[in-house]
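Below are structures written as structure tokens.
In what comes next, chain A is part of two complexes: it sits with chain B in the first one and with chain C in the second one.
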Partner chain A sequence: MSESNILEISGLTVEFRSGGRWITAIRDVDLTLAPRQCLGIVGESGSGKSVTALSILRLHPAKSTRIASGRILYQGRDLLAVAPGELARIRGSEIAMIFQDPMSSLNPVLTIGEQIGETLRIHQGLNRADALAKAVGLLDMVRIPDARRRVAEYPHRLSGGMRQRVMIAMAIACRPKILIADEPTTALDVTVQAQILNLLRDLREELGMSVILISHDMGVISEFTDKIAVMYAGQVVEQAVGDGLFDAPMHPYTSGLLRAIPNIDRDVDRLATIPGSIPDAARMVPGCRFHPRCPEALESCRSEAPAMIDLGGLRQTRCPPRAERQGMIGGRS
Partner chain B sequence: MNPIVELAEVSKTFALGRGSRRPQLLHAVSDVSFSIAAEETLGLVGESGSGKSTIGRMLVGVYPATSGRISLFGRDITGSGGKANLAAVRRRLQFVFQDPHAALNPRMQVGDAIAEPLDIAGGLDRRTRLARIGDLLDMVGLPRSSAERYPHEFSGGQRQRIVIARALALKPDFIVCDEAVSALDVSMQAQVVNLLMDLQREFGLSYLFIAHDLAVVRSVSTRVAVMYAGSLVEIASRKALYENPLHPYTRALLDAVPRVKGAAKPRQMLQGEPPSLIDPPAGCRFASRCPLAEPRCRVETPKFRPVGGDHHVACHLVA
Partner chain C sequence: MLRLITFRLAHAVPILLIIAVLAFLLMQLLPGDPAVLMAGEGATPQAIQEIRQRLNLDQPLVRQLGTWLLHLAQGDLGSSLQLNQTVVSAVAERLPVSLSLAAISLLITVPAGIMLGVVAAYARDSWLDAVAMAVALIGVSVPTFWIAILSVILFSVTLGWLPSAGYVPLSEGFVPWLLALIQPAIVLALFQIGFLARMTRSAMLDVLDQDFIRTARAKGVVESVVLWKHAFRNTLIAVLTVVGYIFSLLIGGSVIVEQVFALPGVGRLVVQAVLTRDYPLVQGTLLLFGFIFVLINIATDILYLIVDPRVRYD
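Let's turn to the complex of A and B:
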């Protein structure tokens, strides 16, 4: 961990209340984000990627969620310890978030201009007219054609892609330092997805933002991010910078996932599969959480919960046997 | 080779705001022709609103076609006598939707859910019925004990297996899979795709595999059809379609898919969004977004025509 990171998550464990008891949703998550970096978090449903993202701004339902341990340092301050008023100020103005479904994030009875303006009036104290004028500028920035007219329209008049652009305009209204995008293009068609991803990439450069992109799609993660964390069953199992993850995955889950993705550039007659399914969070398996599905599992994997192993070069894996086999560590400590 | 499914110039319009002062027509599918052979999988791709699901629904009789002809197993289900013809072939058709959760009654045991088509068809005694449920569970790779459990006890991928088992109950010849694996995680998706392909080999099934995911479609299809804004723009063998796409829309679509380690390649991005189907533009429907469009593309509707082998395309600019 270094001083130069804008965000450092360490030892984050989050629990959900279910049927009168607390169930661990994510355990011991460590992640770092450097200025202007784009961190990708990839995983299947139930892996904990969204829980991790929501924890940063504490957007979970308070009654049924608790943060059992961990720190989330934003520019050196622990977001888990700041006062609610201060957290409200940081939300939206310094760290902003966009979600998969823009329609459920937009208010159907307010015009787009009013909704973008609201952020500016709250965080920057602008009056109604100035906020609206600035909203037009923001719609231009997210490349909504004919912004002056669109600003007076209601969300239902827009396509899914346009609505996501509006959400992005709201998110960047106060020039945040970090943008968290949780499956921002999953509900969109592929040609529109390409437009939105390009837009995010350009805005990140223009505004000098750091981005956390959460996706189940390895292609999206590969093209857009410079650092990747793979999550499985509530834990980060592998981390890498650049293409290393794809060239030589260091965790059997990553390998399995990459093999299971159908290839658009090659005829394949049979897809590789990962047998079984993700373990239930309420009945978490002992040892390595992937061992029941792992073709490389050893006897020790069934009982010993593996710690994250640093492989150097910003590479980490939670699979000691594979790290040993690759000669990347001498032996287990 | 006799096609089991044949569409000839099929169109479907929906009346919107019926009873209002200004009812509007939505042209969901316009002049679509293709066929599916026995034991073949035709992949049908396109973005939302392209009309692919409407076609799937017309093929199993959920929506009647507005015009054109649809034949199933050689029987015309459109013209006069269409209803009787559809009833005659109905048992040979099945449908698997995207969301297995919505397709299963949460209060019905899995065994009863699977046997529902058998119960409606009737004529099975208790023992035969139980044996058949067991066989169907075997076929989709679920333990026989699943029969007495309820849908919520299963994962998404397992639920989709249950839905597939039910679809197989009456031994169909043709199954429409509409985004059947889209809601599943990658690891589950691969399992279900392989299951569908095993079942095809074993029972000689034909599929219309409707999906927006071009990579999944490549892995399952024999041939692939591409739709845009209600029109069929290209159809070809999977190899030809993915390795030599001819229609500018097909090319843009394939190009837009993000690839693992594909970031270095700058792509030509498609601008804008598909046109309104309430008042579709004259000429080629893709013209407004096409990087190659010429003046005539905006006036003259391109014919869907063969360009060698079984490759067909609707574009003025393809030689």
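Let's turn to the complex of A and C:
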């Protein structure tokens, strides 16, 4: 494990049991996260973003899931191998997670204060009263007005945006080193989305956390993250640091995603989409997984499954033709 | 909350009235002349006439209903034809037996059924689940009288551990009372445990799939707390509904067990009243069961308010 990374996922392959067979949901995923970095994972629905994120804290349904291979190194330990007791200690205190649907992610029969306080009682041994007092402070921190009154309320009294703030308060209660946010704003309306994302950015700076932000919205990813991994059909297909990915995408799928961003300045009749859909995980296509939808596909793309190609400068792609072209240009200049 | 409880109680009044009218109509719905039926074969015309007068059957229907409701309001349900008692005192004398039986049975059923259901749901599709559900299935499907007889043969006749029949009032000591009731209570509970376990299991399976369970795990909550605090508390509405239903079944449905174990409870009284065509007594017990059902329903509704914040506010 390199010193500069707080989290290193390597060779992660996860399978789900479906009708007596094991179906591979993600294959050979490699990702790294540096301290205070915000890693964005982007991709269409079903590309394996959540499966990847849930693997870190081993939150998959135990019986129907199998981690076929891979390691997730956190502070020198493989999270996939630590004992359940140790995992429970890490969950919520060192690595915390928030989810896509704030409406269903909070327990309807426990008060907000109880749910936030529980994290503190588990990990910091606070008593009920102290935990509750601290919960009020946390609600202030996530900018929920009238926090003192809100702690005694139940989730159904709050709007979606407020509930997501409660989820965030719960997640940062123990000042975790890593916060995983799996599409935290997808279920919220646009103005609330921006508020939540800004809040997350401020908290990251304030608490010095590393963040993994998952989204299928390229706009969100470009604005809030400093490193990007693009996922397609269970694989990472391109990785880049900074704006490189937007200036010169190194995978046709990334190009497609960028074309699909709605743009107010550009006056188009119809939004560009990527034709076709993600292949079924149970019947994965041979060769490059994107080739049936790729406008640039060559004969070799149909048969040879491409490995990740390192382009230098922390740039990686799974598209050999584009990598070659880049190399040619690089060679000429 | 107080307003809701008051509202719920007020709501019960018309229902209780309907039950009273139905109990009254029971007598009218009998084919033929109830007085003749009640008097039995070979009764003299005088005897029949006497019954008719005693039960006001010679009056117009509306008048009869008025009298019946008026008496009912005063706590007067008339007298039994066969027993030398008023209906109220006959029922009141036997009610403690049935209530004791139901209470002990419920005290066994609730923890056992919930435990079995929760464990089965948590260990879904494992051998533990299979065993728990097999036990529940046996409890539900084997006839109560058969279990009762087997139990008596084993524990009373062969082993001689427990009395096979009879009731000892609580006033004669807690232990003798418990010893007299424990065997019939367990026999009664066996069916209900199976029922409650199956309902609890399916409610738990629904809850365990919810997002907030994953949230709890992501916070580092240990599995036992996830199970009881985060999941089970969300099934309380469903569980309470079933427990309330079971409690009313226990009070009404103890007929067989009271018969086998010769317990002088309301269940036996009903059988006796029907067999001897003691209609005032049948009416009285019918009324009692109706009232108890309604009371249990109200109690369940009020408990909903306590266990579920969503009900509390809406």
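Keep this in mind: the second predicted complex is superposed on the first by the 324 of 333 C-alpha atoms of A that agree within 3 Å, B and C clash if a C-alpha of one lies under 4 Å from a C-alpha of the other, contacts with A are read in each partner's own complex, and residues count from 1 in each chain.
To be clear about the criterion, a contact is a pair of C-beta atoms (placed from the backbone, for glycine too) under 8 Å apart; a residue touches a chain by one contact, two chains touch by 3 or more.
Keep in mind it's a predicted model, so treat the numbers as computed, not measured.
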Chain B and chain C placed together on chain A: clash or fit? fit
Across chain A, the partner (chain B or chain C) reaching more residues is B
Check your understanding: Touching A:99 in the superposition: chain B (first), chain C (second), both, neither?
Key -> second
Does chain B (first) or chain C (second) touch A:257, or do both, or does neither?
first
(Q) Taking the superposition on A as described, I'd like to know which of chain B and chain C A:243 touches: first, second, both or neither. (A) first
Classify the contacts of A:90 with the two partner chains as first (chain B alone), second (chain C alone), both, or neither. second
Next item on the list: Would you sort A:217 into first (chain B), second (chain C), both or neither based on which partner it touches?
Entry: first
Once chain A of both complexes is superposed, is A:5 in touch with chain B (first), chain C (second), both, or neither? neither
According to the stated criteria, A:37 is in contact with first (chain B), second (chain C), both, or neither; which is it? neither
Distance floor for C-alpha atoms, chain B against chain C, superposed on A, in Å, equals 9
Chain B and chain C footprints on chain A meet at residues none
The chain A residues in contact with chain C across the complex are 57, 59, 63, 88-93, 96-97, 99, 101, 104-111, 118-119, 122-123, 154, 156-157, 167, 170
Chain B residues touching chain A in their complex are 47-48, 155-158, 185-191, 193-194, 197, 212-216, 218-219, 238-239, 242, 252-254, 256-263, 267, 269-271, 273
Listed in rising order, chain C residues that touch chain A in their complex are 124-125, 210-212, 214-222, 229-230, 233-234, 236, 307-310, 313
Listed in rising order, the residues of chain A that touch chain B in the complex are 44-45, 159-162, 189-195, 197-198, 216-220, 222-224, 243, 246, 256-258, 260-265, 267-275, 277-278
